[in-house]
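Next up: some structures, all given as structure tokens.
Common to both upcoming complexes is chain A, partnered first by chain B, then by chain C.
Our next item is the complex of A and B:
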């Protein structure tokens, strides 16, 4: 029986129909689509109960009060703590990446001892602590031989470090540069004392001079929340914001007015405005008003235009706007949070005195009670200290570096890293392998904020005394680390010193008790607030009279470092999860873009994309040019946070470090080291 | 074409006059949706940014210069351009709430949807999601990791919607009438200036109902008629004009007026 044509067609049609009706083929297709995406290297999700725990996330400089979300006990995400007035449910971009930073490839996994140039070996904690004690014992009692640098402006850890050093016969605990240090000096020059605070929430006009209050200055999230409260979506704004500074940055982007002012002309701008206000009838009962008036009179609209490029009418409009406001507030600071002179601060703060806003808008915080009586932080900053080490003025045998990265984040960073070479024994207490840790002889890994007790007293900018504390979110740290304060307290015991505490948690409990705060409520996400002290300030006229006029120079450009919180801070390289936020007009491959406006670029003779070399002092950096009309005339803006030489594959070798070309000068009349008004030479390569 | 209508319409209203461009929303989105960090994230043809903050400029200089930041999630269009072009129905708009789905195991990676989407809200996975060693322990339980070769996009943190509905059921409430704020995507939750409002734009009890109808509210490229569920608000005319580069007036509703 052969297969005839009809039979063949039947089989084919039956076959096709059968294929269509059988589920096998569809099921297989479905399976293929699923299984072809189901490879063993595709990570699986974690299972378990999802919880939310309060934490103090000190990854950003001011610290965010957050809720850490955990699954099966493992942190995976961060949300704001709506009940905490410091964050009101908001989180900064750095703290938003907090859970992933626990597993950063740059984390130091165990204590490390240097065994050669750039080579380390892992050692046991007993050995590491014994080595620390041995080195400190050898230098005990020799004044100035042991020093410490701290990059944590708010932690009570500073009290422990300075008390330990005081007990060893030394007193050198130096702070990394920040606004707080300079502002306190400025307040002194105005006849007051204490840390200044700024009540943004209570102001109906906020003039930010330099200070990028809505992205990187002060308690950022609290500032942003105060700003947001005045701008109901779809409603009428209840406060005006004005930004005067070198770059159209985040604060300027949402302000009602942006006034481009080169970083070298900040004080001239403030005094020019004072002149306009006084001409419009502003008077002050401050004892030095006459002197101040005479000084301000020198800053005529024409002079201000020469220094800043701002038209006289613009200044007049601003003065009128301030005059019309019921509760104006002036915030002055460096656009990148450090390096400004005390006089820049005084020039800005004097406007608050002139406007009668001291005590209400600008407040002064009383000194916080100490947990350890014998502690005292030095009057000098880390930049001055390391400059002395470089020249041999300070002969230091041992240096403790706590949560700081002086080899990267100090002006003329190259020289600073070299100066560290003059110190025989350096210990870094750091969570991550940063540039300074890579130069140290001993690295004692510190826990991530979710793994430790920590606190924050008066983050700079807050209007009222403020205290936050946090406890660990996880049961066990991811790395073999120990709390630096616990290590130091243990070392103190072995050195025969008793600081009265055994753990950092006890120190924080004592601090809370001294303030009258409830430790348990604080670590559950609460906050302690005190009252600002009443004070009167003068206008700082005698100090301002000493201010040196900015040098006009055709060959150089004013340097405006730009801090974007998302890209990290002085102590933290850009978190891997935040790299996405870096624009391709800021970083392309390994090229960093510096920004200037078209007129400036023409003056320098460069075009979009051109490769340039920026040099100042003994430092230089390479970059490419991106034209940005939001940069003040005669100014080159450079992002901070790039050009890392340590850390991990996500950040290492990308772009260049602007700290290398910041030049330090002595401020006339105050003797402070300043670098916010640095100038650079830009040359095409 | 007629837009698909549902009783619930999850939508965002983003106030561009409040956005400082800080990037917290982008980071929170990456964390929530398990997007692996890339070593070279400056190559924007390869990155996955479900939420992307654009920088807009008025192109003026000096004191006249202004910039605005525009966070761009998936617009969850009422009449999505991506859905009809998908040959395998890996993306659809078929659920109450109007969120445009993306079914990864079904996606064959042809990228027609990417070509169709005028908002560039869709991304192709060029790489497998490889996290630095140990970082997979910080994966969010809310979104599965996608292999290379598939297209992905923002889904308004859909798992959060499921969880909010579950919670409503457990609490004896109505999962189809969630209270304002009961369901929030990660970006809206974290935004430190509260620039992103989220809710059901059809529900009068939700804040976004009114905000989406405000006089300064507009949508991107309204002329195309895709009927997005994401609204923007700005008092600045130049910002609104950029929102629809065909718009002649820059005024809300301008979409209907031009040719």
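Our next item is the complex of A and C:
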């Protein structure tokens, strides 16, 4: 029997009919619908036990004691550590993004060697470490040929770096700018020694002169918790907060009073206030009180009004508020955490002396014991060092950059980046591909805070000696990275130097032991506190007498960089999640907005939305204007943290970098490099 | 006329029946073989041996303190006994050398793996016997073959939504979206 066309059709029809009685069509449709949801870019959950582990997150300058939530061992969320007195359950906006930043596309995935302009190739750790040792061996014993820049103000890593350099016959460990360095200089000018501390929790009136203590100055989370404690829900506030500074920032926004003071006039404001207090009967037993009184008398209400724009009655009201307070406290600093002069600090701190609050409100912390005997505390600043490199005064052959980004976060950043080009061999120990790493010859990726041991000794601002330490949260880093200190200790061994330790964990254990702290308790989220030393300070009158008066200039505006911690720090670009918090009046598309009040805008002939060019020194930046009556007169406020040329797709190329137009000058009387009082010209484009 | 004769020769309904039967056989026998690829577990884990040692199911498959279900044990648990080779079974040697000592978790194939958008609470289903949903493995010496759906990528045993819904309906439990999808 043959099969003709009709018979074939019958078989096919029978086959189709039969298929309907099988799972072929129905299951295929179901499975295809599931397949259509299996896109490779859909994030997959890590399964496993959910745990909460204590960690020290040093993504922000002061460091946060946090609890990292993990699932199956991998971090996915962060919360404050309620058991830690520094945190009390709070976390700063940068450290809150810690889990996200661990998986950031900006992370350096393995050791990288520069093979051309902007080009790198991945190399093995053995080769990378051998290259480091080879370069250091060639320069060993030649003082000034090897230098290091550290951006970590609190870590014992600095002891390892300075001891290594000392062993190599060099002393060039330089610190990125911060308040601590300047404040310690200021304390010396007042006849004391040590790092100053501020007991915000114990004060019933806090006057912040410049210092943005409730957002970006000092131990911000502890400061915020102290503030919150004075504002019981449904109750009466138990302390008053006053912010005197160039911009109505986060601290000013929640304070009882905001006094707009240009960044060039903070010392004049403080001395004007001293004059008011002395006129109201304030006296001090400090030996230089007479000299101080005479100096303050020059800062009459009219003079202060000329320098700051504040009415005499405003200053009188403030003086009366302070007089009425039982435990007033004055905190002085730059509004963006760096670049202020020691005299700005002294002018503010002298008010604490005048009010008899040294030892109670303002404290002095004793020097912390060392873990490595051959180490030294660096008092050299990176800005001066790179300025010397630029002019050829410093001829450095090798530079180690630890947790710092000098190509981005130093004044006249463009010149600083060029200066780095004068150094033959540069090594970056960075977790992320930042602007400095992109210029280096070798990048040795550092672990994220959840992947490493680290510590924090006396974060600036704490009232009592404070020590925190952390250990890794994860078993294995997500990138092929190594702890920079372990790398340096290994290199030291190969260079024939013995620093007494093989790992950073051992160094931190030794530091804890030297303090009498329990390492295990610290890494479990605990804290060590010592006692502040008793001390008396003078009023710093002889130093203040040398302070240069603020110059009025019709052609320029005072530049007030504004630091919002949520937008990152000197070492960290804005976390991608936090970009969502940037306002339309701060950044629109790729345009950064600079802010000034309407009177200032009229003076320079610009209006809302105008495109402008800000220039100072050899740097310039472009932006648009936003009118904001919260900016002090004669001042232009510019947000920090934008204008990134490295990092990742989320942060790169947005806005411009204000560091480019900060200009450095020598502070009269101290010789310190300062840039908090920078001025700029603003021109329409 | 000639055409009609030829038509009679094509067998009436027979070709239809042949096609029908062939499709049914192919659909129920060949199709599943084509649809699923066969995989074996990375380690030949014997539940039988572990049970003979006196171990309880809950020794490894336990609820955590927060009520979540641990599912399969990880290296921490396995290495309580197998940090080193303790027996003569080559599967154990393979586990110790390739996973335990290298700190690598065993990529077990999960017979009932659910997608991430399903939140299945074992605690809420505690009253059911394990074998109501899972394969009976407690006496197996060699883990059963894992059938992976070539289209969906899921296991043959992965329970589909209609199965969840039917059971919920039969037991008077809500079938609202949020019950399973958070």
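Quick note on the criterion: the second predicted complex is superposed on the first by the 641 of 685 C-alpha atoms of A that agree within 3 Å, B and C clash if a C-alpha of one lies under 4 Å from a C-alpha of the other, contacts with A are read in each partner's own complex, and residues count from 1 in each chain.
In this section, contacts are C-beta pairs under 8 Å (C-beta built on N, C-alpha and C of every residue); 3 or more make two chains touch, one makes a residue touch a chain.
Just so it is clear, the model here is predicted, and its values are computed rather than measured.
Student: Touching A:50, do we find chain B (first), chain C (second), both, or neither?
Tutor: Both partners.
Student: Looking only at chain A, is it chain B or chain C that touches more of its residues?
Tutor: Of the two chains, more chain A residues are contacted by B.
Student: Report for A:215: first if it touches chain B alone, second if chain C alone, otherwise both or neither.
Tutor: After superposing on A, A:215 lies in contact with chain B but is clear of chain C.
Student: Quick check on the superposed pair: does A:475 touch chain B, chain C, both, or neither? Answer first, second, both or neither.
Tutor: A:475 sits against chain C, while chain B stays out of touch.
Student: Determine, under the contact definition given at the top, whether A:637 touches first (chain B), second (chain C), both, or neither.
Tutor: Neither partner.
Student: Which partner does A:166 reach: the first (chain B), the second (chain C), both, or neither?
Tutor: Neither partner.
Student: In the superposed arrangement, which partner chain does A:34 touch: chain B (first), chain C (second), both, or neither?
Tutor: In the superposition, A:34 contacts both chain B and chain C.
Student: Return first, second, both or neither, reflecting whether A:515 touches chain B, chain C, both chains, or no partner chain.
Tutor: It touches nothing on chain B or chain C.
Student: Just chain B (first), just chain C (second), both, or neither: which does A:413 touch?
Tutor: In the superposition, A:413 touches no partner, neither chain B nor chain C.
Student: For chain A, which residues lie in the overlap of the chain B contacts and the chain C contacts?
Tutor: 34, 37-38, 44-45, 47-48, 50
Student: Which of the residues in chain A end up touching chain B in this complex?
Tutor: Its residues touching chain B are 33-34, 37-39, 41-48, 50, 71, 74-80, 87, 89-93, 96-97, 99-100, 102-105, 214-215, 220-221, 224-225, 227-228, 231, 233-234, 248, 250-254, 257-260, 309-311, 314, 478, 564-566, 575-584, 587-589, 597-599, 629-630, 633, 648-650.
Student: For chain C, which residues count as touching chain A in their complex?
Tutor: So the residues of chain C in touch with chain A come to 6-7, 9-11, 13, 15-24, 26-28, 31-32, 35, 64, 66, 68, 70-71, 74, 103, 115-116, 149, 151-154, 160.
Student: Touching chain A in the complex: which residues of chain B?
Tutor: Listed in rising order, the residues are 13, 15, 17-24, 26-28, 30-32, 34-35, 37-44, 47, 49, 53, 55, 57, 59-63, 65-69, 104-106, 108, 128-141, 143-147, 149-150, 186, 189-195, 197, 210-211, 214, 216-217, 233.
Student: Flag every residue of chain A that touches chain C in the complex, lowest number first.
Tutor: Interface residues on the chain A side: 1-4, 6-8, 10-19, 21-24, 27-28, 30-32, 34-35, 37-38, 44-45, 47-50, 475-476.
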